[in-house]
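Structures given as structure tokens follow.
In the two complexes below, chain A is the common chain; its partner is chain B in one and chain C in the other.
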Partner chain A sequence: MQIRFDKLGVVIAAIVAYAAFVAPFATFRANRIVPGQARSILEALPTATGTLLLAIIVAAALIALFKTPLVLRLAASVVVLAALALLIGVAGTFLTPAGDTFARVSPASGFWILIFAFTLLVADVLTRLNLSPLARIGVLVVAALAIGLLLISGRWDSLSILKEYANRADSFWAEGSKHVTLALGSLAAAVIIGLPLGILCHRVERLRAGVLNVLNIIQTIPSIALFGLLIAPLGWVATHVPGAAALGIRGIGTAPAFVALFLYSLLPVVANTVVGLAGVPRAANDAARGMGMTDRQRLFGVEFPLAFPVILTGIRIVLVQNIGLATIAALIGGGGFGVFVFQGVGQTAMDLVLLGAVPTVALAFAAAIILDAVIEMTATKRRVETA
Partner chain B sequence: MKAWFPSLLRLALVVLLVAFVTSPGWFEPLLKPLTENNAPVIYNQGSLLTLTLLHLRIVLIATVAATVVAVALAILVTRPAGAEFLPLSRSLVNIGQTFPPVAVLALAVPAVGFGEKPTLIALFLYGLLPIFENALTGLTTLPANVMEAARGAGMTGWQRLTKVELPLSAPIILGGIRLSVVISLATATIGSTVAAKTLGEVIIAGLLSNNLAFILQGGLIVAALAVLIYDGLSAVERYTARRMGREVE
Partner chain C sequence: MIEIEGITKRYDATTVVDDVSMVIEPRTVCVIVGTSGSGKTTLLRMINRLVEPTAGVIKFDGADNSSLPGYELRRSIGYAIQGHGLFPHRTVAQNIATVPVLLGWDKARIKARVDELMTLYQLDPEAFGPRYPHELSGGQQQRVGVARALAAEPNVLLMDEPFGALDPIIRNKAQEDLLAIQKRFGTTIILVTHDMEEAVHMGDKIAVMDAGKLVQYAKPAEILANPASDFVETLVGASERPFRLLSLGRVRDAVENGSAEGEAIPGDASQRDALAELLWSGRPALPVKGADGKPLGRVTVDGLVKRAARPA
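And then the complex of A and B:
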């Protein structure tokens, strides 16, 4: 039998070799802001455990290196990811001197690169398996549950990022819910206004270029400037329009952030509605007209359902973009996970940055996967129905 | 609208922009009403011209690097030898776009320190994605008969790539570069939260001292740059598309 190498496997094995044997696995610091000292896998873990981890990693890298069945590759990478997730917690406990409450242990570059390499392998297998949309959501849910269980079990409590969390558990959830409200609320507002506006642009050709140009120009204003520029008009509204202040409209804080996110969201929603409606086959429209459907019936019964996947793509773009942009709201007192990111940058406490950045990335990632799956489902359903 | 009107508008915008960054003092009366308590009207901790040039420099370096890497990667995964990587690279691009810029910036700081470097890294990563995506579209949607003809004419793989495939995909790749530049121009302002010297400095100074005039001048310069560069690159794109006989959407 001839031995054949897997091309991606060669790349992954090279990355893994570097991460496992050269790069540091964990960083130890005497307190949260001093520079850290690097620790390799064998230094960061009890000898037996460290050797076991290295053995698992090497075995998995070999499985990746050669052409092996997909299921085996998937199993190998899941085993390594689970081992890494469990053992980084062990490293935290092992490296922290007993009773020392100032010492901080955080995952270092080697750990992150190993996670990246094996996630790459999982992603490759999942891409090659060509999973159905529902199965993809299933994988996401299982992964989220596993991480949730690890967090609840307290196995990661010895890590620096969770010590930062422990110090701000209350504000973490408050800022988190603000972040989600900002991202989802501005999306909802953009859909409520953007859909009718898109339909109007589709029907009235003279409006189209003008509206899309204005929305395009809004996109070019840098986010931090737009957030800042809205402070003044909203401050004016708050003091001059009766009842506005009672609604929570103020110059700084959530209101300008909400309006800025809403303005950025309009373009993808409106543009995709226009593109989706323009892509409705003429035959479908003619048939609907021939059946004697009114304009209204045609819009809701024919055009809108056919354009739906394209509109949904616009909504996906907006949601992922909003989750990211909502971090900037913290600069103008709007709250959200950005609060921790900017505090962390200010104090050069990187674990605090991570406390803000990791949930943001996770949220955006989950939103992208779920919406991609939903888009695929509606698109294929449509194709089956029209076939 | 008359055909010359947009060109005139663009010219006026260029003149206004140049006048503003070179002698912002002229515009002081216009911005004066936006400040309170005799606060300075024009950014006074550095010249707007220098900041504008530094801003453009960061965007230029990041875009050139991103273009080289993204196009090289797209070429690699569309050759028979790299075909195995194609599906994975597609999903990676998709995943990469979910990382928020602020997170990338902040996470790059421990690795490379404060200043221009983290900004360059973030801009480079964000620039990669649209260019790669468009280069991939361009290289995978070439008309089959043209490729067939090139092969029939006895061209080698390298000749086909440089004389047929790349020139034909140039307009689409340019479209990706244009997107990437506009995103980078805006993202570079966020770089000032980690102490990069860009126009974001003016905006952040305005946010910190509650000075609307600062926020407005920083924001408008970036927006004007973005609109002008977007227009300019669109024109280049239309020109190459006409030459290549390809339609740009």
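And then the complex of A and C:
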């Protein structure tokens, strides 16, 4: 029998070998800000458990390395991911001396690389399985539920990042909801303004280049600079427009963050609306007019539904971008998960940084998967003919 | 009756349709023919005001077509285009129902009409109604396009190269179907094509366009016999003329007394087909039978050749 290697599997196996045997699995620190000491898998876990984990990882890496059935690859990577998720909690308890409340244990590079490698393998299998959009959302929900259960069960409580969380549980959820409100609110505003603007740009050719250029330029302004630029005008509005201050409009805080995110969001929404409308088949438009549709009926009955998947793609870009960018809002007192990131940077407390960063990445990832699935569903239902 | 009076369309300095006047009789097929860029589409689109004329008027039964909003005018006129222009996001049934829905017909009436048209066009409403256009063959899409144009029972149907994208065999069938439906509903059809063969076959009258001008407007036989200019003569195709002339006549009208050997040809076949059959089989005469199968007489090579000559 001829042995055949899987292309991606070779890469994954190499990464896994490095992460499992060379890179540290966990970091131990006497308190939250001193430099840490690396611990390998065998050092971080009870000997039997550590050996078992290594065996599982090696077996899964071999399955990845060769051409093996997709279901086997999926099962192997799910088993490894589950084992890693459970055992990092065990490592936390194992490494923390009993009764020591200052000691901190956090996952180290080896752990993260292993997670990355096997997530890659899962993603590869799921892509090759060609899952339907609904099934992909299903996988996401199952993964989210599993992580939620682990969090609730307290198995990770010995990890540093959850100790940081325990100290800030209230503000975590408050900042989290601010983060989501900021990202979704600015998206909603961008859609409400950007859609009509995109339609206008489509209809009035002279407007198109001008508007898109301006939005392009805004897009290139660094976010910090944009905040700075907004402080003066918003501050002026706050003091001179009656009622503005009562609405929470100030030179710093949520208002400029919201406005900045909104401005960044406009380009993808407007540009995709223009591109989507331009992609509507000429013949369909011509027939719509020839059948006696009014401009309105044609817009809502023909152009809009046909451009919808492209417009949704713009909205997806904006949502993922906003979830990430909302982190910056913390710099000017706008709140959000960025608060933890910048506090952590200030205190050189890496785990606090992660407390802000991990939920942000998870949210962006989930938003991307959900919207991709929605786009695919609308695109297949209202399949745009390519002929 | 449609009266086109001195209609002109200019884009900036270029005159695309130049002072065209013609009258289209009700319940007839008028074919506008000409080379590409001669202004056929523009002329057609001024009839339902997809293009607003620079000068001139177009009247439907005496009423100026600019007396009501363009979209209302267009709901009363059927419109079918090359490549069908079906809405890709709507099912076949929804596509056909477009104008009735715009006109606010009730659901039952719309469904009855959609089913009627689909059946007429040999598309099973149950099987094809819920499909999307991309799930149909080219010929089926084209039929749905025409069915959609006919949905609100318009008196007038405008067609811009409706058969241009079809292969020859399907095109032939589509042309026959259209003529049958035109007879049945008495629709006035104005059809644009660049194919003289199609024009001669379909048209009660042919309008020849050249560089925006109407150069000849006459019955097909007249156009073939007396082309108004060198341009028309080229368009007709000198080598094709006699055959086109024959294709206008039915065998029934060329029957002579007498009998002949062999398989009989039906009386309503075209004289051109009869001549082709005679030449191919190497016989001097063919028997002719009526629709009921009774012998009518015979056609001869000599008789047909005389008919293919330029009329006096």
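Methods note: the second predicted complex is superposed on the first by the 383 of 387 C-alpha atoms of A that agree within 3 Å, B and C clash if a C-alpha of one lies under 4 Å from a C-alpha of the other, contacts with A are read in each partner's own complex, and residues count from 1 in each chain.
In this text, a residue touches a chain if its C-beta (ideal position, glycine included) is under 8 Å from a C-beta of that chain, and two chains touch if they have at least 3 such contacts.
These numbers come from a predicted model, not from an experiment.
*Asks:* On the A-aligned overlay, A:A284 touches which partner chain: chain B = first, chain C = second, or both, or neither?
*Replies:* second
*Asks:* With both complexes superposed on chain A, which partner does A:A368 reach: first (chain B), second (chain C), both or neither?
*Replies:* A:A368 sits against chain B, while chain C stays out of touch.
*Asks:* When the two structures are overlaid on chain A, which partner does A:V320 contact: first (chain B), second (chain C), both, or neither?
*Replies:* The first partner, chain B, only.
*Asks:* By the touch definition at the top of the document, which applies to A:M293: first (chain B), second (chain C), both, or neither?
*Replies:* So A:M293 only meets chain C here.
*Asks:* In this superposition, which partner touches a larger number of chain A residues, chain B or chain C?
*Replies:* B
*Asks:* Which holds for A:K67: it touches chain B only (first), chain C only (second), both, or neither?
*Replies:* neither
*Asks:* If you stack the two complexes on chain A, which partner ends up touching A:K7: first (chain B), second (chain C), both, or neither?
*Replies:* So A:K7 only meets chain B here.
*Asks:* Quick one: classify A:L306 as touching chain B (first), chain C (second), both or neither.
*Replies:* Second partner only.
*Asks:* Report the residues of chain B in contact with chain A in the complex, numbered from low to high.
*Replies:* Going through chain B, the ones touching chain A are 34, 82, 84-85, 87-88, 90-92, 94-95, 97-103, 106-107, 109-111, 182, 185-187, 189-190, 193-194, 199-200, 203-204, 206-207, 212, 215-216, 218-220, 222-223, 226-227, 230.
*Asks:* Using the touch definition from the top, list the residues of chain A that touch chain B in their complex.
*Replies:* 6-8, 109, 120, 123-124, 127-128, 217, 219-226, 228-229, 231-232, 320, 323-325, 327-328, 331-332, 338, 341-342, 344-345, 348, 350, 353-354, 356-357, 360-361, 364-365, 367-368, 372
*Asks:* In their shared complex, at which residues does chain A touch chain C?
*Replies:* Going by the criterion above, the answer is residues 281, 283-284, 286-294, 297, 302, 305-306, 382-385, 387.
*Asks:* Using the touch definition from the top, list the residues of chain C that touch chain A in their complex.
*Replies:* 48, 50, 71-76, 79, 81-89, 98-99, 102, 132-134, 145, 148, 158
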